[in-house]
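The next part holds the structures, each set out as structure tokens.
Each of the next two complexes has chain A plus one other chain: chain B in the first, chain C in the second.
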Partner chain A sequence: MNFSIEQKDLASLTNLVYRAASNKNAIPVLAGLLLSVDPESGLTITATDMEIGMRVSAKNVDVTEPGSVLVNALYFHNFIKSLPAMRINLQYDKETAKLNVIYGRSTGFINTYRDFEYPNLPIDKMEDRITIPQAVLKEALKKTAFAAAVTHFRQVFTGILFDVKSNGELKVVASDTHRLAYFSYEMEQAISEDTKFIIPQRTANEILRVLDESDEPFKIAFNENNVVFYREGFLLMSRLIEGQYPVYEQVIPQSFSTFINIKTSTLGEILERARTMPGDDSLKMQYIQLTVANNELRINAYSELMGELDERVEEVDIEGEQDQKISFNTNYFLDAVRVMQTESEDIQLKLSGTLGPAMIQNPANEKYIYILVPLRTSN
Partner chain B sequence: MPLNQALSIIHCDLDAFFASVEQRDDPSLRGLPVIIGGSPEARGVVSTCSYEARAFGVRSAMPTAQAYRLCPQGIFLPVNMKKYIEASGQVFEIMAAYSPLIEPLSIDEAFLDITGCNRLFGSAEKIGQSIKERVCHELGLNISVGISCNKFLAKLATELGKPNGLKIITEEEAAGVLAPLPIANLWGVGPKTRQAFERQGILTIGDLQQVNIENLEKQMGSSIRDYWELAHGIDNRRVEPEHEAKSIGRETTFPRDVEDDLFLDSILLTFAEIIGRRLRKAELTAQTVTLKIRYPDFKTLTRSKTISAPSDADMTIYQTGADLFAELRRQNTSRVRLIGLSVGRLQSRSKVCQDSLFQTRVNKPVDEVLDSIKDRFGERIITRAETLLSDNDE
Partner chain C sequence: MNYFDEIRGQERAVTLLQNSIKNDNVSHAYVFLGPSGVGKMLTARAFACALLERDDEQAAIYFKDGIHPDLLIIEKPENKTTILKEQISQGMEPWLALKPYRAGKRVVIIRDAHLMRAEAGNALLKTLEEPPLYAVIILLSDEQNLLETIMSRCQPVRFFPLTEPVIEEMLTGRGIEPEIAVRAARLAQGSFGDALGFASGGEIPHAYEIAGEILLALAGGEMISVFDAAEKMEVNPELITGMLETMLRDLVIYKHSGRADSLVLPDNLQLVQALQDQVDPAKLRRALQQLDELRRNYRRHVNALIISTNISYTLWEALQ
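Showing the complex of A and B:
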């Protein structure tokens, strides 16, 4: 194998994929990056730990001799990114099993795996395809993935649900059971039947790393066990989370007793201040209490350890039932407000009693919904 | 740093308690090596042994088979818990005559805070002496008493005075008494911390007294300051009458070594149900789950995991324990002699509760229903079907 490429291009390719390689030592080849070149398809780099797998390719290489090698992902990535920005030449020496790297008048080499058996990515038999613009996929994941549970004994809650309806509706949902983030999008195409799949949170985060704001289409294909997100020159495969996602539509409340409109920035600032109050030992979490009375909204945060904050919210508009006190986990609330800060000057908070789930929304857009269960004080 | 200067804390510890009760009740056992913990053929461990048996090297928590090898002439008796509980109750009654502030540490050990009791009963030494005399005369048992200005020093005084001792450590004496002792005598220093100290060249409590604590904190972390304070005889913990459990757990040693993972798994679920129920009864939640496995060669492994939010749910405890078990099984599939599950970092249930959106789909209501049925009809009336697999063990 012998090829030349700009250091900058190679570094950005390895930067995309190296994290898919395994950092555990169970199966040595999985810690590797598979580099393949041929004059037709250019350079292809693959990495997988079998949970997740990525493949990138680039045409802007000069291939002198086709071939493929397997190198340690982390060593290769660290080495390549540290090289000077110039055209570099990589040559495989069969006898020594070393990958020589020539940059300017300097050289280095990286050891390769001899006689390796690298697994194929399990991406065969993937039929169902949906296509959405990158920017939409990015928005969907950015606004939902954070709401999934880091750990939960029901695995499905650690994942992000893609619920695809045959009429072309796509719903992306994540919930740790205490809050739920919901994003919907009308795709241009219809598909043959309703389908659902659940991707791990790590997969969502990896996709978010590679997405940009362009309208370039991203394709999604899946079978029972795996899903593939791909576009020209890039492919990400992931294991799907097994299990039945609960019927999330049922937990989205349909009617509300109180409607509150607030400036997103005002609410964000208050919550950031409230977050400075530590969670007391007896509560184990930071929380705020909202009081709705006399057409006023007050937000209170109290900590036995630190002190108290009591804010009268300016420019607030309240409709419906008043005289309510309702408590929320400060951080869960702030997560939603941070999403709203990216899209709307105003935020609408809909309450259904002091214990019923509340909804946080952009009043001008129903595409995104955040449901949050209030805290129950058990005194 | 405020110091409790007065000699206001008494630590009491009954000597070889279970064995002493047996010797008291059967005079023919007096002067003989009595070992409590079942027959040497069975697979239990020694729970207590008399001082005569200790001379042979027998210790608490040692397998009875090993105790038998060390002391074949030993008299092995089963644990008669009912009898010990009764005796313990009588001892605590005597202690309660001197102070309302009693913190039981176990069935045979307690702290008393006698602040303000001197007017009624005289000096701390007098109170200690009269507890000893009453326990000896009225109950026929020896109790060791340690007196000092705080809990750490009082307990240390008991240890240094045993058996049947009455030892006082005054604040002035503290540093001198502590200095020659090995670092492991500090409260909370286990093998790991001891090794960490030894790597810093700190072998005795005296060595720790000498160090510059700011420098040591930089190297070993800020928790090291607690040990440094203890080394200087400073301990500000109060005697807490309602002593809260630090962990709740269950373990079992099998009559025969087990290799059936499904069976072991069902044991974990059974334990999780018992632990979850105890947590909920005590209105506590736990934040860590610990799995303990002992192999036939006595190699014992414990693995802990922190759960994302403090919990009292059976299934959360079980699932965390089962994950730890699966992890251990990937490395070692040999037979299992003992399996145990416990939860730690207990805290009172939060005053605020974050309910679930999917209320009907998660396990909280299941726990609630099981609890209410058990409350009404008894503990064994209902259980999860998976635990039935472990039932033939009992």
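Showing the complex of A and C:
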């Protein structure tokens, strides 16, 4: 094997994949990156552990001799990353089983795995593709993935649901049962039948790392057990989570009693301040209480240990029923506000009674909904 | 590759499992029941490999290192005496919720399932009641102490003590001297695991010497010698108890038959002759039974010295 490539191109490729290699040393080859070059397809790098698999490729290489080697992912990535920005040449020496790296007048070498057997990514028999612009996929995951549970006895809540309707509606949903984030999008194409699948949170986070704001199409294919997200030069394979996702539509309230419009930045600041109040013994979480009365909104955070915060919100617009008290988990509320901060000056909060779920929305965008279940507090 | 080739003396279990794969009639849960050290784990691994290999042509790459993305082995943590509830609810459950990565099934092996307490058992029950279609859960149990509700949801597969010739052959196959292999096989009472432990530890001659000394001391001693004996047993309580048991048995047999060739261990002859005038076979038989029950406690969470004291006392009493 012998090929040349720009250092920054190679470094950005290894940066994408090296994390998919296993960092546990149970199976030595899984700690490796498989580099393959071939004059037609260029350079392909594959990494997989027991959970996910990634493959990236680049055409801008000069291949003198095709072949493939397996190198330790972490060392290779760190080494390539640290090289000067210039065209580098990589040559495999069969006799010594070393990969020589030549940069300018200097050289280095990396030991490789001899006579290795590397598992293929099990991506045959994939079908049912859907295509969405990269920026949309990024938005969908960024706005929902955080709402999934880290651990939950119902495992489906640790994942993110992709609910694809045959008419081309795509809904991306995540919930930990205390809150629910919902993103919808109309795809340009219809698909043959309604489909649902649930991806693990780690998969969502790994994809988020590679997505950018472009409109370049990203494709999703899946089979019974696995899902593949791919675009030209990039592929990520992940397992799916087994189980029936609850009917989330039922959780989204259809009517509300009170509508509150607030400046996103104002609300964000108040919640950040409220977060300094620690949770108390009875309710082991930080919470705020909203009081709506006389066309005014008060936000109160109380901690027996620390003190109290009592804010009167300026520039607030209230419609519907007054005289309501309702409590929310401060952090869950803030998560939603942070999402809104990037896109809207105003935030709309819709309440349906003291114990009914509340909805948080950008008033100008109905594609994204955040449902927050209030807390039962003693006062 | 036939992963079942290495298993000896468990033809019934192996045939049953092989047929279930052949006829595509694999159950979602099994209990492998039988004494320790007779091949339950080996069989479970073989079964898992055979199942996973059906859909993953490259499974062998993983098996070489004893793992596979679709195989989970749950063992008691080293510093604990039970299998913890968390290992089931936080280890197995989320793992099983992920669909198979490469194979068509996901296999969980729970080793020493008899060490599960009720909480862990109940956590497991939740999965056993509604397992995902691709799940195959194999419980390995040395004792029949699993919850009734667990047993009723699993297909039982019985494992039997191995015969002495099989153990001997397996030991010599591992390069152990035939002479030691014979003795270890006799003492292990059907468990290859124990036999291997006895044989490879190189402790047999030493332990045998101690067992002989203990017996003679107890036969001629005051009650206080019981504590001495128990302390001597600390070297390797299970092995020494096993030896004491064979000695008692030989005593009974020799007393009845007077024939040296019917002894379990030929080396016992001298000892047996020395003691035979003062033994009462009925008392010894009762002691043997008690011994068998007492020695099981070594595998439970009981202080070994207390068990050894009990065993010594039983012997002392039987020899008066």
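We adopt the following convention: the second predicted complex is superposed on the first by the 374 of 379 C-alpha atoms of A that agree within 3 Å, B and C clash if a C-alpha of one lies under 4 Å from a C-alpha of the other, contacts with A are read in each partner's own complex, and residues count from 1 in each chain.
Everything below uses one rule, namely that a residue touches a chain if its C-beta (ideal position, glycine included) is under 8 Å from a C-beta of that chain, and two chains touch if they have at least 3 such contacts.
Quick caveat, the model's predicted, so the values are computed rather than measured.
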item: Combined model on chain A: chain C and chain B, fit or clash; value: clash
item: Partner chain(s) touched by A:Arg209 [first = chain B, second = chain C, both, neither]; value: neither
item: Partner chain in contact with A:Lys59 - chain B first, chain C second, else both or neither; value: neither
item: First, second, both or neither for A:Glu117, with chain B first and chain C second; value: second
item: Contacts of A:Leu375 with chain B and chain C, given as first, second, both or neither; value: first
item: Which superposed partner A:Val29 touches (first chain B, second chain C, both, neither); value: second
item: Which of chain B and chain C A:Ile241 touches, first, second, both or neither; value: second
item: Partner chain(s) touched by A:Arg129 [first = chain B, second = chain C, both, neither]; value: neither
item: Partner chain in contact with A:Arg312 - chain B first, chain C second, else both or neither; value: neither
item: First (chain B), second (chain C), both or neither touched by A:Glu224; value: second
item: Clash with chain B (superposed arrangement) - responsible stretch of chain C out of 94-102, 148-156, 202-210 or 274-282; value: 148-156
item: Doubly contacted residues of chain A, that is, touched by chain B and again by chain C; value: 151, 153
item: Complex interface listing, chain A residues touching chain C; value: 26-29, 50-51, 117-120, 122, 151, 153, 155-156, 158, 200, 224-226, 239-243
item: Interfacial residue positions of chain C with respect to chain A in the complex; value: 56, 58, 61-62, 65, 67, 69, 89-90, 93-94, 96-102, 132, 134
item: Chain A-touching residues of chain B, taken from the complex the two chains share; value: 307-310, 315-316, 319-320, 347-358, 361-362
item: Residue numbers on chain A that touch chain B, as the complex places them; value: 149-154, 175, 177-180, 246, 251, 281-285, 287, 327, 329, 355, 357, 371, 373-379
